[in-house]
Amino acid sequence: MLKRIDINCDMGESFGVYKLGRDPEVMDYISSANIACGWHAGDPMVMEQTVRMAKERGVAVGAHPGYPDLLGFGRRRMDLSLAEIEAYLLYQMGALAAFAKAHGLPLQHVKAHGALGNLAFVDLEASKAIARAAVRFDKNIIFVALAGTVMVQAAKEVGVRCVEEVYADRVYNPDGTLQSRKISGSVIHDPEKAARQALMIVREGYVIAHNGTKVPVRPETLCVHGDTPSAISILQKINDDLKKASISVTPMGR
Amino acid sequence: MLKRIDINCDMGESFGVYKLGRDPEVMDYISSANIACGWHAGDPMVMEQTVRMAKERGVAVGAHPGYPDLLGFGRRRMDLSLAEIEAYLLYQMGALAAFAKAHGLPLQHVKAHGALGNLAFVDLEASKAIARAAVRFDKNIIFVALAGTVMVQAAKEVGVRCVEEVYADRVYNPDGTLQSRKISGSVIHDPEKAARQALMIVREGYVIAHNGTKVPVRPETLCVHGDTPSAISILQKINDDLKKASISVTPMGR
Amino acid sequence: MLKRIDINCDMGESFGVYKLGRDPEVMDYISSANIACGWHAGDPMVMEQTVRMAKERGVAVGAHPGYPDLLGFGRRRMDLSLAEIEAYLLYQMGALAAFAKAHGLPLQHVKAHGALGNLAFVDLEASKAIARAAVRFDKNIIFVALAGTVMVQAAKEVGVRCVEEVYADRVYNPDGTLQSRKISGSVIHDPEKAARQALMIVREGYVIAHNGTKVPVRPETLCVHGDTPSAISILQKINDDLKKASISVTPMGR
Amino acid sequence: MLKRIDINCDMGESFGVYKLGRDPEVMDYISSANIACGWHAGDPMVMEQTVRMAKERGVAVGAHPGYPDLLGFGRRRMDLSLAEIEAYLLYQMGALAAFAKAHGLPLQHVKAHGALGNLAFVDLEASKAIARAAVRFDKNIIFVALAGTVMVQAAKEVGVRCVEEVYADRVYNPDGTLQSRKISGSVIHDPEKAARQALMIVREGYVIAHNGTKVPVRPETLCVHGDTPSAISILQKINDDLKKASISVTPMGR
């Protein structure tokens, strides 16, 4: 049984006058922040503020790079070459790392956003391009991989430090993949249910798929959405239950 | 008399399919490259290639950040707050530094581009915002200041390492400021003339202003434009003449 | 005494996933919508939806063009040439007009946004560049000018149809200019007060400046902010009071 | 045998300080200009200049809209919804039409650029979204369809005026599709060969595919690339040969 687990959440997705998310509230319940890098969301002022807030709360910071598509919030697949993916990731990691450096923090991890992340789940070469960017940037940086996807293999092949993540608030298929969001009910909004799944993952080492199958998982980080209506309730409940179980919420890199 | 001098030049200003400048040729005659960071010019693929080329030629790399105005090539003044200037500079330095890191190079210096640079010449608070970004990013980074401007004072007040630059191919006013580009003939296109000015700066420690006044200068770096028709001829001639005078062309940071 | 008046309000300022304003509510209380054109705010999907909604509610549509600065919401002055202002305005008017055409509506008016609008208040040449773009686009389009500014003169010189606007919810100086927003209390948030000012403008033909001076005004359109906390209350109250006074709220172009 | 034919070419692809293409030279040899609309290339100043030049030379203007991807020049497929395609096309057509209106010209046609064009060749629903945008913008506008693709069917289903185009400088497959650019030699650079293909298309009504098959075609417009090294020679030769054959080069819309 794990004695500690990380909780990661997407942060810093506001842009200029446009506000998105409830970062100041969410930040109290997570240990790692995936911070947007100004391409699909975020801007330098938002990055500065988000990193400052993370530091104040003892939350570790990571880059959350995406496609160059603010208009589509990085959720629309773009046909990039592998060299482009690698260069775009380096750019975004570097941009965020500047704010981390300015605040005396390391860049703990990198986790691809949106449609780029979805591509990485299923495309080994794209995953490797992301992993190459990560390891070229910093050989100690953590590449966050969705458990059960080719991302784990990509990390191995490229030789980057890898941490596997499992979703506390998503429904799983029996083969360990995420049930498509297109299927109604695939995102868990009930805090009790999400917390139960989180605890089962951390304490028992499995999730129960939608058909009842027990799927073994061994994550080092739990992902929770920060932008759903029940996000704060879910995060509170998970934190409370982990505390009762004497499992500490600790950044993945420590 | 100086035994060494740096030559810096703007590089990496292409964008996507759009090509600008003659980087592969210019790179042979300079010791420091001011590389665009994707805001007023440049993109991640161009940054990757430019840093790679700089490394191959032994040229040190620096960030050349500008306004978020690709359409205006960063040459149009924008009314930013000081906090915005600082954050925008951090972002761009970090983005370029990622490519430097990936190629095993330090980020040697930062030099503001275009209208932001022009603002820094005359606005102490804007200069200090740039200097603050520099020192927050890396206490050893060099802040390139135009000799005789408030940038030098800004560097002192902020406590950032500062290197003063003088232009080899610009006409000077008797007070040490640059003659406005709006006055015809303010950019020197004659290689002989530019090289003579360069040598006088380095060997004698002064430039002759347009009215004949000797203006004392003690730069550690010479700036030469890379995008004028005679750029290569000017750079060759300056390099040749410096070599004859046993003055080595060496990156400012070494 | 006027029997009719127009009420205009900025609309369509959302962008991608980012939502701004309360357009569906505001739209019920106005007769002219100033719709963002995708540069400082807005995007084609938002423009399509906003024009559709305007048509359904019988609201006339106008272009609300701004600087190419989404990051700054068009609120930061940019040093553009007059030719650039003219071309940028044509571009944005045309883009919005396409959606108007697609819905069978004319483009009734154009009103510059943010820092570009502020420039137009005080810079005759910039105002004329905007007016030229308007009249080149359509000789029947209405150029909305802030009453008492050089915009009115610009319209005359260029020969564009002009409608003067007065703010229902802004405090005025004795010389008829707007009291700077930097002075606390310069935006009126009290519905009673705003409605009283609106009625006085329409029925009596003057506003009372902050020092009690009566400033004569003869607007054809009232501007009300749609993004303040009390916007809906202000708009409701103004509409109610105008109705009681048998003054109809009618698009400026009819 | 045709007595007239249109020649269309992509124009106005410069952006800010970045220059692309040889528009002033090419403009003398074409009758219809496909003008970039500021998304994948072009900007308002370039659009203004390009439309003015077209008017001076008697060349008809059309919109050449593309993906919102300046960095990739619109050559990278993006997964847009049909509603997005339709709205993005309306926006870009409108933007260009403003310059046409300002110069007293109608917007003659619309032709999708790059990866969006490639999608339209093979995806009926995407083609129909483009055609819907066209007909909603103006029921008389011409939708340029690559002969032999689903675009022709899309035009019919949507009810938009359609003109089929054939490439003078591309090699054809026996089934009437274009040989992929990935196959070496698929773009014809020899002026003699291109002109021969052009004449055969116009006079005889067929192209000879790479395997010798005669493919019947009945285009109303010939597309020629303006950005290849031999573009001007090809255009000159085609113009000369058409003239000798007493076939006039006339805008498709006249």
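Each chain gets a letter, A, B, C and D, in the order it is written, and its residues are counted from 1.
Here is the rule we use: a contact is a pair of C-beta atoms (placed from the backbone, for glycine too) under 8 Å apart; a residue touches a chain by one contact, two chains touch by 3 or more.
Here the structure is a predicted model, which means the values were calculated and not measured.
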| item | value |
| --- | --- |
| Contact-graph separation of chain B and chain D, given in steps at minimum | 1 |
| Interface sides of chain A and chain C: same vs different residues, half threshold | same |
| B-C compared against C-D, more contacting pairs | C-D |
| Whole-Å gap separating chain C and chain D, where each centre is the average of the chain's CA atoms | 39 |
| Geometric centre distance via CA averages, chain C-chain B, whole Å | 44 |
| Multi-chain contact residues (two or more partners), chain A | 71-72 |
| Residues of chain D defined as touching chain B within the complex | 15-20, 43, 70-73 |
| Chain D partner contacts - residues on chain C that touch it in the complex | 38, 44-45, 47-48, 83-84, 87-88, 90-99, 101-102, 133, 136-138 |
| Touching residues (chain side chain B, partner chain C) in the complex | 68-69, 71-72, 76-80, 115 |
